[in-house]
Amino acid sequence: MNLAFDALLALALLWSAWRSLATPDLTRAVVMFIVFGLLMALAWARLDAPDIALAEAAIGAGLTGALLLDALGAFGKRRAGDKP
Amino acid sequence: MHARPDRSPLPRFSLSATLWRGGAFALIWWILAEGRADSWGIGAVTVALATTASLRLAPPGQGRVSFPGLLGFAAFFLVQSAWGGAQVAARAFRSRMDLAPALVDLPVTLPAGMARILLLNTLNLMPGTVSVELRGNRLCLHVLDHRLPVAEEVRQTEAHIARMLRVAA
Amino acid sequence: MTPLEALSALLLLAGAGFYLAGTVGLLRFPDVYARLHALTKADNLGLGLIALGLALQAENLAAGLKILLVWPLVLVASAAVSFAIARRAHELGIAPAGAASPVQPAGGVDQRGGP
Amino acid sequence: MAEAFLDPLPWLIVLPLAWASLAFLWGDGRGGRLAIAALAVQLALALILAAQVMAEGARVHAVGGWGAPLGIDLLADGLSVLMLLLTQAVALPLAVYARAYFSEVAQTHFWPLTGFLLAALNALFLSADLFNLYVTLELLSLAAVGLVALGGKPAQAAAALRYLLVSLTASGAYLMGVALIYGAYGTVSLAGLAPLIGPDPPLITRLAAGLMLAGLLAKTALFPFHFWLPPAHGGAAAPVSALLSALVVKASFYMVLRLALGPFAPLAELAALLLGVLGATAILWGSWRALTTHHIKMLVAWSTVAQLGYLFLIFPLLQPGGEALQAGVMQAVAHGLAKAAMFAAAGVLMLSTGRDTLEGLAGVAGRVPVTLFAFGLAGVTLMGLPPSGGFLAKWLLIEAALAQGQWPWVAVIIAGGLLAAAYVFKVLRQAFLLAPAAAHFHPVPRVMEWTAFLLAAASVLIGLRATEGVELLGVEVAP
Amino acid sequence: MTGLEGYLALFLLLNLLVALIRAARGPTPADRMLAALLFGTTGVGVLLLMAHARETVAMPLVDTALVLALLAAITGVAFARRAWHAAGRDDDPA
Amino acid sequence: MNGPARLAVGGLAVALAGALAAAILDLPSAAVDLRGAVAMNLSASGVEHPVTAVLLNFRGYDTLLEIAVLLLALLGMLAVAKPESGGSPPAAADPMLRTLAGVAVPLMILAAGYLLWAGAHRPGGAFQAGAVLAAAAVLLHLAGRLPAWASPKRMLRLGLAGGFLVFLAVSAILLSEGALLRYPLEHAGALILLIEAGLTLSLGLILAGLFLVLAWHPASPSESAGEESKS
């Protein structure tokens, strides 16, 4: 069961990383990146490295996600040229 | 649904609010530090900072919270949120999904400010409702099934909040 | 198995069930608004039950309370986020599915369709 | 206790860190005077340290008192002290120059960034720990990128962004190498690693060394990794270009040299020929591009690409106690001084003519003669004419090549010198043309001209004090 | 991880990955984002389950879950307020 | 990227991955046991948690320079941000967000304080606490309760650089013990706590600053138009 968990986690990490790099749609890429951050926090927790899991949860899931979403908003607005 | 600008830059100091919030934060600190006694050096400073921030960001209102009201609200909330979860689960698993979603407009009787915001948030966790918009005294809700007694539920929630915050409903 | 352990296991299983319901709802419900229901209600209840189940097995009171403390935090966050997203969706003119034709809501309130 | 407090070694790192953050704190460009005063102190500290090292041998400073491998060691031997001297000697005149060059507003960010840049350089030259070297390299790169972007023009932002991307990738490669080394040996201390890496190291060590070398070469802008350098160095403000070309690219070269002489010595031979060939290509290609460009600062920047090539010619000739090492260090020092002078002079020329092309230089000789003289003197070093430091470096290199019978390098060195002469004279010839009637010259603060001249003169005169340098370079850690 | 908690953690992880179908399907940006938010709540649950019955790192993992819960709101709010501008479907730039 | 370049990069990545895998399978046993050295000296470090001991004592010098790296990253971004972009007031927020901030920010402060305290004997410490504080600042910003940061004022700059300056000053003063950052045994714990407290504040501000400067985009119409500005 532990093996299944780890294998699934590893696969999901690779897959989400690949999707966030390869998808042409920016929203999807950012969402996949946030997902990747969360999975990474789980992976660190699984590796008995709660120090890094904590930092990853705070920086990866909280700050970076918000930052990317913000950039996405600025970018989308500029490209669409709309002012809601 | 916009806030009025803050008229008074410095909120009135309220001893009771300070004590209540400080006490609550101290309790949370005790939980966080798992009751370790040697944590209180940093703990005292942190609780003081958190209390200050809380008083600055959410200036204390007129009255204070009614304790029996709070308990009543909490019990109501727990039961309702369990019921809400069960309801969503039932609908999600049903093979032919039986939803009748709609936007409904309801009047709000609670006074503006904290009470209304609490209402909006609570309704998000209650069975079948997600608040969408508050414009003036009209609350717009999204409901999963408009055949359910939504208005009744909102009225009950309002009553509980009014009792807890000691405001008119 | 002590009764406490049994209760705890029961809570954990129920919590996992609600998580599953949240995911199924997220996949099956017709639009953003309905999916928000799934997320804010089912998942939060699932987390609450799991936290309660684990707290029952905690070594001491403070540790148990700490596990329980997670729940209200998530509740506050989800409620706020749910409102923010629903409001934004409404502002952007996304109509809820199936609400185009007027229906008579229970409780005699007036109701409206899409914006 | 007081003795430890007055030790110049840690202060060479603490002092720039302190004035950099104070300059940030004060803001509004008020850091200039503080920076110049502190830089004067730093130069004095470097000289004291050099004297101490010369008299008492190499020094080790165990940060935190733990000592390697648990803690981090700082090491001041001849090589690092020479690089420290170069850094402070270039930075002080450039700081005086920059105070006149920049407007008050532009100085707001220039001083903190420069302070951190110099702190990073000093820390890097003193570090004896692979991971600590990475941290200093990161600090250095970020400061350099910030300085390139300083003007805020789109071209500068684009150059800075490209520089940042190359820099981060290179740091990543280096860091991966460090991680592998730590995994293989359990330590990242240079002194600790040296005895552990034998003559036939395992695959992991080779891979790590390759990754670290690739990262460092990209940072040094050795051909074919040079593509980021001309837009970054050519596009930045003149004092910034001077700092970057004179010092920053030398830092990663220093690391290559340090690692090749130290823990990775058993592997150095494998890469030596490749490095030499890349260096030779850089000399020829960089000189050619310098000769064919029409922009003054791009010319100087391409000349940097070429001159960096000489540094890597030493690797196929490197022998214990041989002349190649002396040639490399002499080239690094002479080029550092000369290139700082040349960019400073180019900045004056551009301010004076208001244009950035060679054609615009016509008639400038009569307006800023001191600057033009400085440009010419710096050119003397780059061409390798006696008695300059550049001459000595190339002479030593040719001697080493001939002694080992590797004459193709000699041809490259001579060709590079001729090409350098061509592009320097191209600038001078243009400057001595008659000014067109429409030409309009702007006055330039005298202090900028004289600092450029001072640096150029130092690059030539350094050749006369080479014996002390060679003696200092000979100071190594007692085994 | 042993016993019931381990199986439940595995179950929740599977649950998470299934939810990614929603992120792939959309159709609005908000639908994709919902999957990320679900990752937040479920991730907290998984962390709590992982924390159980591990002597040395139990409480630190609860701390991690707490921090995750505390910061979960930020991405959602940033999304609703900053990122989502157009009521587009599928490959809309917003 | 066009086809051949993509293929080349892909090939390079695969080759690197292969080499890494081969190298790691061939991993020799490490000659030096740093883990053991850390455990052996832990009692002399002033803290009980090995990670904190390494970060702030054994390899504290690296951390000092890393803080400078973070400060520098912010500095670089401030240097690039156009000065004229500075003055715009932050968006006013709806009462909902302000209430959320009012509830969540004090809790985040508590959590940051807790992580700071926890760092001495278990996972936690200044970095994590700073990140939580930064999140609080970002939330305040989203709620329209923080001023724009494109040109930080004196007090803010003091906050940004303060943690680093405290760390640097302690390092330099400890030269009197014979070396940079050589803590005397009896004061090590207190000094590390002092440094960490300063770092928590500064890291929080720096991380938030990285967000706020990057997130700043000229004339965000949806935020400034249509919603009342805060007085």
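The chains carry the letters A, B, C, D, E and F, assigned in the order they are written, with residues numbered from 1 in each.
FYI, a contact is a pair of C-beta atoms (placed from the backbone, for glycine too) under 8 Å apart; a residue touches a chain by one contact, two chains touch by 3 or more.
Keep in mind that this is a model prediction, so the values were computed, not measured.
Colleague: Among the remaining chains, which ones contact both chain B and chain D?
Modeller: A chain counts here if it touches both chain B and chain D, which gives F.
Colleague: Taking each chain's centre as the average of its Cα atoms, which is closest to the average over all protein Cα atoms shown?
Modeller: F
Colleague: By mean C-alpha coordinates, which chain is most distant from chain B?
Modeller: It is D.
Colleague: Based on CA centres, what chain would you say lies at the far end from chain C?
Modeller: Checked the centroid distances; the maximum from chain C is D.
Colleague: Let me have the rounded angstrom distance from the C-alpha centre of chain A over to the C-alpha centre of chain D, please.
Modeller: 39
Colleague: Cα centroid separation between chain B and chain E, in whole Å?
Modeller: Roughly 23 Å, centre to centre.
Colleague: Go ahead and note the Å separation of the Cα centroids belonging to chain A and chain B.
Modeller: 30
Colleague: Among the residues of chain C, which ones contact at least 2 other chains?
Modeller: Each of 22, 36, 44, 46, 63, 66, 69, 73, 76-78, 80, 83-84, 87, 89, 92 in chain C touches at least two other chains.
Colleague: If a residue has to touch 2 or more other chains to count, which residues of chain F qualify?
Modeller: Within chain F, residues 96-97, 100, 103-104, 107, 111, 114-115, 118, 123-124, 128, 132, 135, 138, 142, 215, 222 contact more than one other chain.
Colleague: Can you list every residue of chain D that touches 2 or more other chains, as numbers and ranges?
Modeller: Expected reply: no residues.
Colleague: Spell out the residues on chain E that touch chain C in their complex, using ranges where they run on.
Modeller: 4-5, 8, 11-12, 15-16, 18-19, 21-22, 28, 30-31, 33-35, 37-38, 40-42, 44-45, 48-49, 51-52, 59, 62, 65-66, 69-70, 72-73, 76-77, 79-81, 84-87
Colleague: Where on chain B is chain C touching in the complex?
Modeller: That would be residues 28, 30-35, 81-82, 84-89, 91-93, 97, 99-106, 120-122, 124-125, 127-128, 130-133, 140, 142-144, 146-152 of chain B.
Colleague: Going by the contact rule set out above, which residues of chain F touch chain B in the complex?
Modeller: For chain F paired with chain B, touching residues are 92, 94-96, 98-99, 101-103, 105-107, 109-114, 116-118, 140, 145, 193, 227-231.
Colleague: State the interface residues of chain A toward chain F in the complex, per the touch definition above.
Modeller: 50-51, 53-55, 58-59, 62-63, 66-67, 70-71, 74, 77, 83-84
Colleague: Show me the residue ranges of chain F that touch chain E in the complex, using the header's touch definition.
Modeller: Residues in contact with chain E: 93, 97, 100, 104, 107-108, 111, 114-115, 118, 122-124, 128, 132, 135, 138-139, 142, 215, 222-223.
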